[in-house]
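Residue numbering begins at 1 within each chain, and the chains themselves are lettered A, B and C in the order written.
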């Protein structure tokens, strides 16, 4: 059985954000076992899995990605949608915008230290749409 | 139900290429709802999702990745398959070579600005094989 | 049908390691066709697919990632879990920690040159847990 659940995330500031609780609250009761796939319908934000505990991990990721992909790089020709636009497309290519998590005993089988991150690469990304697909 | 559909892509020049129409034409009629998984059977090319509109995004991605992973880097020991070979393996590790897209109302649930990209990292990559798996 | 199989990988030294045989031995007989999803339950190691033949590819990947994400970077604020910790989180964000492989004719449909890699980013990562999910 496959069930698609469209979700809307509220606007987040630029940066890496823990959205595990937000996702699990929205998708409701999970099947006994299965797979959850998350698909972010955007090209200037990513989703990934990383540490759920210390917020400095999220801060350092944001700082690192900002230095790895500089704004106003003289290389860029796609420049008319803002300084944060082309870097956002590149960062999205690096982090990806879909992932899958196993479901066991009606729960997401995340590791002890794992959380789901929204990587908001735009300064004002606004609401973001994710489609959650549950396979059971 | 799971259905695997092997596809062959024609040779593309080195660079990032929009292949959404090519994929959707080849996989045929989609189920009412489900999940499409795409798996590229190569280690020197990637698949990812990014902007489907302005071709300068694809151009800038190619330029950025070329600078991030330089050819003839003195670090490399895997050098006998051409200058573009080891950089291609690294770029593949960065972009990935599989992704999944939800299916709703018999269509891929791509966001408005999303398209499927083939990232051809070799100078002469030739035909590329993708297996499309439809879960419904 | 969805089946989740928790696996434990033995400790690997820091570096990129080919684990295809280890995975296929542990998951047992595969269905006629379907999809295998692998999910690594950690935030300082990754899984990816790359060349299965020449070990210098794995060596060069390790060297490249070490230079791309330097230890003791003055940028980092998350520094109290060791010099290899924050770099490991960043490398995990770059490689990812989940992937899916089609199953056809009771075998993983890997390309001729493809193998499954464990990317061990910590100096002493210890055992690593992967959940294999088979959809058929």
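In the analysis below, a contact is a pair of C-beta atoms (placed from the backbone, for glycine too) under 8 Å apart; a residue touches a chain by one contact, two chains touch by 3 or more.
Worth saying up front: this structure is predicted, and the values here are computed from it rather than measured.
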| item | value |
| --- | --- |
| Interface residue overlap between copies chain B and chain C, same or different (over half shared) | different |
| Inter-copy rotation, chain A to chain C, in degrees (Cα atoms; steps of 5) | 120 |
| Between chain C and chain B, distance of the C-alpha-averaged centres to the nearest whole Å | 20 |
| Where chain A touches two or more other chains, by residue | 68, 94, 96, 100, 135 |
| Chain C-touching residues of chain A, taken from the complex the two chains share | 33-35, 48-51, 54, 56-57, 59-61, 63-64, 67-68, 94-96, 99-104, 109-114, 135-136 |
| In the complex, chain C residues that touch chain A | 2-4, 6, 37, 39-43, 68-69, 73, 75-78, 86, 89-90, 92-94, 96-98, 100, 129, 131, 133, 135 |
